[in-house]
Amino acid sequence: MKSVIKRSFSDFFFEYETPRQVLVKNRRIAVVCRIIQLGVLSYIIGWVFMYEKGYQTVDTAISSVFTKMKGVSFTNISGKERIWDVADYVYPEQGDSSFVVMTNYISTEGQKQGKCHELPDGKNKCTSDADCDEGKYKRTGNGQMTGKCDTNTSTCEIYSWCPVEDDRQIPDPPILWTAENYTLFIKNSITFRQFNVVRSNLVESVNQSYMNKCLYNRQTDPLCPIFRLGDIVERSGFNFSEIARVGGAIGVLIDWDCNLDLNIRHCKPKYEFYGLYGTGKNDKEEKPSLGYNFRYAKYYVEDKVEKRTLMKVFGVRIDIIVHGRAGKFDIIPTLTAIGSGVGIFGVNPTLPPSQKERELQKVTYHLNHSTTGPCRIIACLHKQLFNLICGHSNL
Amino acid sequence: MKSVIKRSFSDFFFEYETPRQVLVKNRRIAVVCRIIQLGVLSYIIGWVFMYEKGYQTVDTAISSVFTKMKGVSFTNISGKERIWDVADYVYPEQGDSSFVVMTNYISTEGQKQGKCHELPDGKNKCTSDADCDEGKYKRTGNGQMTGKCDTNTSTCEIYSWCPVEDDRQIPDPPILWTAENYTLFIKNSITFRQFNVVRSNLVESVNQSYMNKCLYNRQTDPLCPIFRLGDIVERSGFNFSEIARVGGAIGVLIDWDCNLDLNIRHCKPKYEFYGLYGTGKNDKEEKPSLGYNFRYAKYYVEDKVEKRTLMKVFGVRIDIIVHGRAGKFDIIPTLTAIGSGVGIFGVNPTLPPSQKERELQKVTYHLNHSTTGPCRIIACLHKQLFNLICGHSNL
Amino acid sequence: MKSVIKRSFSDFFFEYETPRQVLVKNRRIAVVCRIIQLGVLSYIIGWVFMYEKGYQTVDTAISSVFTKMKGVSFTNISGKERIWDVADYVYPEQGDSSFVVMTNYISTEGQKQGKCHELPDGKNKCTSDADCDEGKYKRTGNGQMTGKCDTNTSTCEIYSWCPVEDDRQIPDPPILWTAENYTLFIKNSITFRQFNVVRSNLVESVNQSYMNKCLYNRQTDPLCPIFRLGDIVERSGFNFSEIARVGGAIGVLIDWDCNLDLNIRHCKPKYEFYGLYGTGKNDKEEKPSLGYNFRYAKYYVEDKVEKRTLMKVFGVRIDIIVHGRAGKFDIIPTLTAIGSGVGIFGVNPTLPPSQKERELQKVTYHLNHSTTGPCRIIACLHKQLFNLICGHSNL
């Protein structure tokens, strides 16, 4: 018994098996095979290793964005001069990655709770009190109907903030058309946890003195983190005067694609601009619901009565989106890439077999040309896939 | 020397090697083997190609969301009539993808800086001045203790915004219970950079006239971008009157799964609704810290004294989340999918070998049935894995 | 004809082919080969299965975060006492996942529209009216120039909100330095759609009574969802008094890595803290544009004139980021992992061949030691890759 175990053990450790080989001598097939092997080899080296960097582990970034607008606008509406600065035109105020820059507005001052008639804009017509359901609310309406029909305007009377906002006419040109010259400063920090790397878009070449003067330009200043609003709008395919009037949304993409095998200095952001909501350059068709607007109220008390100023704000909404990706050499993905390359496509270095082994193991056949028609080529391809998988055996 | 190189070269290019084959004739094993091969083949075609679309490259979307609520509520609190419109009940105002719709509130008007006693809610009891550490702040308290204990209420005196908010009783029914009928309009734009495709949730069939009337319904109007708040709440598994009273959070998922090999018109969003924070349909258990509320202050000056109205706002928080994914045919993943399919599982088309080759290369064994017990079947499975990997050689 | 089809059919189903094997008896090579096989086997079991859990399908979470600060600060600025509570110092108010806690500010009260001179901070000097372009705006300026140079301050006269904010001196120590003791409560809900699992960071052990008292501590209370602001700041590598003065940004990462094959109770969050924008622990260098601040205005009407209080707010911005990932056993990835393991590395269980088969199929060679120099070892490695791929054939 003991000797059986011992023999099995020694068999297991001291013998190994390998398929027997046939050496086929045939020019046409062999050349096709070598070409296929070459293609596979260049695929693995060129694509898997060079292009897709299969030898790296990849981490995606945790990112944080802080924004700050600068610039003032001066308006003169029927003799009333007014200056607008950043605290007046940015919503929300705290420097978020998604914010709105007001470029136009419809202001309804002195609204207070009460009864008044609906806006005669054609959507809320009535001919008699029967058309105005008491206590009901119309989707296109601004308040709760009292049940009366105002005969002057042919609209229902409503309980609402009165007077009702009249937004039938959007100011043209936009009130804050000088918003074009506002500047946007973006501070973006990314963290690659896996590699313990923290990086900011204020890279080495962006120092304080440069930032005091620079303005982003794709060719000359691609790293300057200060952007002119008009440039952003135009780069994303919009027309500024159009977007300033009715509003619009723009995506600013900060793209980090870092190869951490190189010096960290080469890890730099790229800025791209997209028009969102279908009026950008990629989408010329007419679409419903263009523009970007929202309503906003400032409340105050006057003579013991609560009042509000309602603003319908049109503006440029900017969404800053960060794509961060870093790769670094790692032994596991390298082995896996080589392994699956060798495994799937079998790129084995061909080792010249010694003469003796060749004699011992191989059997050579000479196929004559009559057996190598098109059908044979297909056979070779099929065969070759096999060889690609299993490689050569030269022992 | 020259002739040696020449011969090596011609050997390399004009010869190739392939394992020698054995042809085994055995019904039982062969049938098992064919069945396994069939299973593998259907796995690759059915799963890898049909289901997982292994022949496509995939891109995830950059997305932007804009929201707009509509609707008014009318309240009558002890004779004081008031109308609430969108500028009054949405936080923040600018149409973000995450926002809160106020459905209930506790308002504390006329707060001003000063000294007053803590709320006698059982959390901040004191029996003597020694219990009220001067200059300290209790986690459950509302201000800085002055060191005195108010004997009437048995609570510490504090320096705070006075009077202190009394939130022991949440209004029931919720003050703005008609919020159920508000509508939410969602505009969502997605960009697949890799394929240069921009798409909006206002797809072809959603035109202006449709949008004026439609309301989302899973069966009848699955593409209408206008949602009734009550429907959203119910679809996510909450009870509206409950959530309106104490607040709650709901996730609206916009799911895009686009096959760009088809016409772009088939790339449509799907809307799904999730209850968050443990009161939704997926989670019946009682959990701590239910509800959703936050505090908000409106400041004003009265008789030269700064005052504020503190609002404890209960509401429905809606988080809109976009999952965008598009696939398109590409040659590289197709080859990789075929390659790894062939490589790993070796689905080779079996080519009938010519009689001559069979004679030349193969050796046929006939195994009798005595050698094909259960142990043999396992051997076959093991063997089959080998065959699956290395396929057949028919030259 | 019929019989030919029948025979092909029976050939296809009742025969199968397998490569012929050579059994090589050579200790040195065989041992190397077995060691390589062992390494590969442990790679697959240890790495692919144990470490990377290759047998699971993975889903990433949809998450929602709600935050709530607590705490009050008491300030005494030149005799004017004031208490600050959560409605006064958090921006935005609605409990977002990204918010700012004010720790310091520069307040400019009573600003109104008018003409005044620029701040004499060295950036906006002028010597004569010619330096002040009428109707223009300087990037470093606060308003639109009127064309006059104020000779007292040597700065241009501007049309602006007057008086201009003077932010040359940042209050030191920070006004709200007691912000260190504020607490942050985080409620985080995650949903794994694929597995129909909803989970909150208020896990089983975090009940109401625990939450009333607990405070996050990495060692003793790693699951308590209540964090002291000072602790967060210190854990992220900042110095609190520094960050409170000029502001800063901190990322709070909630990391969920759940194995749903275990009981759901083991699915717990981990909290991590990162300093963002280059002043954290990972980045000691001096960088431009330190700090975090934004401007905010409160508007009011006094004697029929619109005025505002401008606040330059310095604070700690907290971005809460959720990484959610859950794995669960699934048959498809298990088969794929085994398949590619077997396929690429060919870990086949070695089945002892019966003596008869060995006689039938194999041919044994005894290589003498003279043929096993270093060159042979390489040959073995190469060979071994083949064996790893194609395994053993023992039929």
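Order as written gives the chain letters A, B and C; numbering starts at 1 within each chain.
Just so we're on the same page, a contact is a pair of C-beta atoms (placed from the backbone, for glycine too) under 8 Å apart; a residue touches a chain by one contact, two chains touch by 3 or more.
Worth saying up front: this structure is predicted, and the values here are computed from it rather than measured.
Superposition angle, chain A onto chain B, using Cα atoms only: 120 degrees, a multiple of 5 between 0 and 180. For the self-contact between chain B and chain C, the two sides draw on mostly distinct residue numbers; the shared fraction is below half.
Look at where the CA atoms of chain B average out and do the same for chain C: the two points lie 17 Å apart. The residues of chain B that reach two or more other chains are 19-20, 92, 300, 340, 343-344, 389-390, 392-394, listed in rising order.
Residues 8, 12-20, 62, 64, 66, 68, 70-72, 74, 81-83, 85-88, 92-97, 181, 183, 185, 187, 189, 191, 193, 196-198, 200, 202, 206-208, 211-212, 298, 300, 302, 332, 339-340, 342-344, 346, 348-349, 351, 354, 356-357, 360-361, 389-395 of chain A touch chain C in their complex. Looking at the complex, you find that chain A touches chain B at residues 19-27, 29-31, 33-34, 47, 91-92, 98-100, 113, 135, 137, 139-144, 159-161, 249, 251, 253, 274-278, 280, 282-283, 287-289, 292, 294-297, 299-301, 308, 310, 313, 317, 319, 321, 340, 343-345, 350, 352, 362-363, 365, 371, 378-380, 382-383, 385-387, 389-390, 392-393.
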